[in-house]
Amino acid sequence: MIANGVLIDDEFAEAFPMKATRVIITAQNLQWAYNAAHAATGFATSVIACGCEAGVERELAPEETPDGRPGVAILLFAMSGKELGKQIERRIGQCVLTSPTSAAFAGIDGGEPVALGKNLRFFGDGFQQSKFIGGKRYWRVPVMDGEFLVEETTGIVPAVGGGNFLVLAESQPQALAACEAAIVAMKRVPNVIMPFPGGVVRSGSKVGSKYKALSASTNDAFCPTIRGITRSQLSAEVGSVMEIVIDGLTADDVSAATRAGLDAVIRLGAAAGVRRISAGNYGGKLGKYHFRLREILAS
Amino acid sequence: MIANGVLIDDEFAEAFPMKATRVIITAQNLQWAYNAAHAATGFATSVIACGCEAGVERELAPEETPDGRPGVAILLFAMSGKELGKQIERRIGQCVLTSPTSAAFAGIDGGEPVALGKNLRFFGDGFQQSKFIGGKRYWRVPVMDGEFLVEETTGIVPAVGGGNFLVLAESQPQALAACEAAIVAMKRVPNVIMPFPGGVVRSGSKVGSKYKALSASTNDAFCPTIRGITRSQLSAEVGSVMEIVIDGLTADDVSAATRAGLDAVIRLGAAAGVRRISAGNYGGKLGKYHFRLREILAS
Amino acid sequence: MIANGVLIDDEFAEAFPMKATRVIITAQNLQWAYNAAHAATGFATSVIACGCEAGVERELAPEETPDGRPGVAILLFAMSGKELGKQIERRIGQCVLTSPTSAAFAGIDGGEPVALGKNLRFFGDGFQQSKFIGGKRYWRVPVMDGEFLVEETTGIVPAVGGGNFLVLAESQPQALAACEAAIVAMKRVPNVIMPFPGGVVRSGSKVGSKYKALSASTNDAFCPTIRGITRSQLSAEVGSVMEIVIDGLTADDVSAATRAGLDAVIRLGAAAGVRRISAGNYGGKLGKYHFRLREILAS
Amino acid sequence: MIANGVLIDDEFAEAFPMKATRVIITAQNLQWAYNAAHAATGFATSVIACGCEAGVERELAPEETPDGRPGVAILLFAMSGKELGKQIERRIGQCVLTSPTSAAFAGIDGGEPVALGKNLRFFGDGFQQSKFIGGKRYWRVPVMDGEFLVEETTGIVPAVGGGNFLVLAESQPQALAACEAAIVAMKRVPNVIMPFPGGVVRSGSKVGSKYKALSASTNDAFCPTIRGITRSQLSAEVGSVMEIVIDGLTADDVSAATRAGLDAVIRLGAAAGVRRISAGNYGGKLGKYHFRLREILAS
């Protein structure tokens, strides 16, 4: 299958069940909401080493936030609800409770309740106060700049992690430009994050390594600089490959984001140096979600 | 002591020995250098819960970076060199190795060498190559977008963590505006970071809590909303308090940053709603570094 | 009428017929689309001194742009189609034609056609080529970085300029914080711009001046620092006043933006230092559009 | 001459005498200083169509600004002091006087004095007040958010406009990446601006046109898409050309910025797709300043 000069591999992304929640962070203005949100979702590119995968989902208008202030929604993903709970408490406690003028609210209705402010409130040393509004409990925790308003819990829901596709282009700047266009499009899709820095990852990995201690290593078949000394899957005109990884609340969300990204890359097409699109999987036996590129494009 | 209408408490900040390093991150352009740097230094406001304290120190011109590309310098601080080493490997591995077009270099000459690319290179699965230039070893690790160029080690040096001062203002927006001005001035001082989101922290703490499991709790003496029910140290006209915490490579660096911040806040003065400046300490017995506000201003 | 502690004056904004168009600017990535858009809509706060009022309306996803690249929509307003035509040609010629990787397209279907690329194409010195796709004519103008793709015309439509409201707060930082929240909300409303820097204007004017050469001067009745020496309309607790001016494609658009802004300010309310909301008019005889605050809030 | 694989043409940039001034804009925080500064220096890429060339020179620390607040310095250039005076008054009046919390100060000591606040003060309708501090006159003009503090005059000095160089690369993304690196380096040089959007211009022109009404047209010799049908100066491997134009207070400033830009581009070199660097001139008879690329590199 060729679209706008771009070869679409007959491949699929293999993704996994995860647990996720959304937290709404508000502040005096958008800049300070982002300061807290970026801190809370930093160092969160991969569950294994970072404890969770997290990112800013989108900006919220004041009328979309519980306290009517400017805000942003963040999504956090982990392999279990328990681990996610730990990460929420630590990250909100270190990066939102601490951040001037901020408040934090549940961003998911329903789901399994998990502590948001439930334990953080104890920071108030007994001076914290409970508010019960519209069936939800909030805590007003006295802090030096006034109060940290925080909802008691947020909801954990099943989610899908590890959707992905690969962009193969003639040169590194062209691969980057295509991925930037994809990310712009994908950020408009609700319920997803692309957890790597700027949304793009360039260090795709394969399972296993010649070093026994390591369980994964560089995906040499897709590394252009060692084309001559490995079983490369890259044709001569491919000079650079980048990947976009997607975590979403549902498989449909991951599909929708994949579709938006693929469309953006294909629209740029061969004229912009894009040669081929592929996807990463482990043969299909590890992850229960399969996102076939050609099916997504046909839908 | 009163300066421009602002009461300067006769107080001191109490700070602690830490270990630190600087890493230089370069990329195709500044945006992507920042993407990697923000990810690598995210969730790093406090050593206890985050493993390290980290932040962007400053932008680097292309002629200041080892590979002549746009870049940024980050600083990372931990309580021991061992813990710092772990954090460097994990954060650079997850957030810079992965980030499109990036490279990572030592930002400290001398110091105790600690692995930067020394172990990350094994991701190359044997395809990595060593370069030895000007007495320094670098690794070229094949990745999908080309190569990850990374220096073998960076240097760990003794450092100082926990410098601070408190800004007491009439209202929350005025406290925030004063802190924003301070941060702008302090970011120009080399060798320091202000590790909290946007550089400011509003949840100052005291040692101890009524809850036995907690070792720290809200600094109720500086919380304006509970003035009436605690032994407050706030006079009636103080409506909001914010703190700026400083980590620096040396005590002189922390002093210089403190001075720059104090100057900026005092210049705004009472006309901008700033009433008082104080500092946080534990009585002086815990931390070996003391930064007396009035001495710093007199120097 | 009092809402969340905020007095809503029984006042109306008086607005005027204008002419407007939308231009879509695309580029290799969003940063460069913004670079061109900000340059093209800079120095455009008031028709009288700047020739037009202009601003970025919103970001566009790649699938919303004619060439499938990241882009932004800008809106330009002038008192006549003729003046608007001049401004389009000059601003697109100086700031988009010149800007790396950019293209420019009509953002209004229908309306009175006005030259977008029709004259700019002559820059191509005869090397320009015409494309006719889907009933629309485009020009491919050779430039050093490749081609400037520009649509032949864009459409001019009737529009409404000068919607506004005033935010009266206790202090300057509080007025600013409330206006920032309003602007965040108003930027989500389609078909409008708030043409002043950052969307806010602090130099409201009255008709006439003690200096005969000047036709307008500071709105002294709303200037807090001269309350004692003029017929002030400010009560003692108002320390700062800011205004948000709105230009929109239709009266409904201006209403919707006004509503979104009022809602955001009122949600913050007296707790955030907002005391009163008013609106500016000339007695109602000059402008044919009247936006009554209380009616908008009741709708 | 070849440097890091890049051919350096034996060419020179031809530049012209201009008049310039610097204005310092401060505000409550950097964001609002930038809002005003970007508005005031928008639509200012070329003197002919925009009235002046203008841009942000650099951020200022609070201790570098007259009122101790965060600020930015802007530079404005025109062909005569008279025209520059007009532009200052109009742009500061429309974009700084109007912008919340802002103040404006002279950024040049000495030079020919030109009105900054001298006429804008009349907006105060007689309520403005004069302050005389340290030999300088300031005006406090009552506005709705408080006061607009503005210095009476700023100084106009001789300057140099039109320094430039051309970056010739294999593809558009590579030309852009090289120019981005150059701009990062050049922004660190004091006393200069690069007036085009994002600092880069892609529509280089030659004198004359086949259309008699036009005095300039596309520099077809450097347009890659029409290589086959014009007397091209581009070899086969050059796919895209971009230019950086520099205005500076002195010829030395323009030289220093050119040098910083050239160095950054050359450091990237052929490995980053950069093939050649050239410069634009009119044969050397029009402009009195000549900036020879090879001399600048040898200095």
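Order of writing sets the labels: A, B, C and D. Residues in every chain begin at 1.
The rule is simple: a residue touches a chain if its C-beta (ideal position, glycine included) is under 8 Å from a C-beta of that chain, and two chains touch if they have at least 3 such contacts.
This is a predicted model, so every value here is computed, not measured.
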item	value
Chain hops separating subunit C from subunit B, counting only touching neighbours	1
Interface composition of copies subunit C and subunit D: same or different, split at half	same
Farthest chain relative to subunit C (centres taken as mean CA coordinates)	B
Whole-Å gap between the CA centroids of subunit B and subunit D	34
Inter-chain centre distance, subunit C versus subunit D - centres from mean C-alpha coordinates, in Å	26
Inter-chain centre distance, subunit A versus subunit D - centres from mean C-alpha coordinates, in Å	39
For subunit C, residues contacting two or more additional chains	28, 31, 173, 176-177
Touching residues on subunit A, where the partner in the complex is subunit C	28-30, 59, 61-63, 67-70, 177, 180-182, 184-185, 188, 260, 263-264, 267-268
Partner subunit B, residues of subunit A touching it in the complex	28, 31-32, 35-36, 38-46, 49-50, 90-91, 93-101, 122-127, 140-148, 166, 172-173, 175-176, 179, 196-198, 200-205, 209-211, 214, 217-220, 222-226, 229-230, 239-243
In the complex with subunit D, residue positions of subunit A that touch it	31, 170-171, 173-174, 176-177, 273
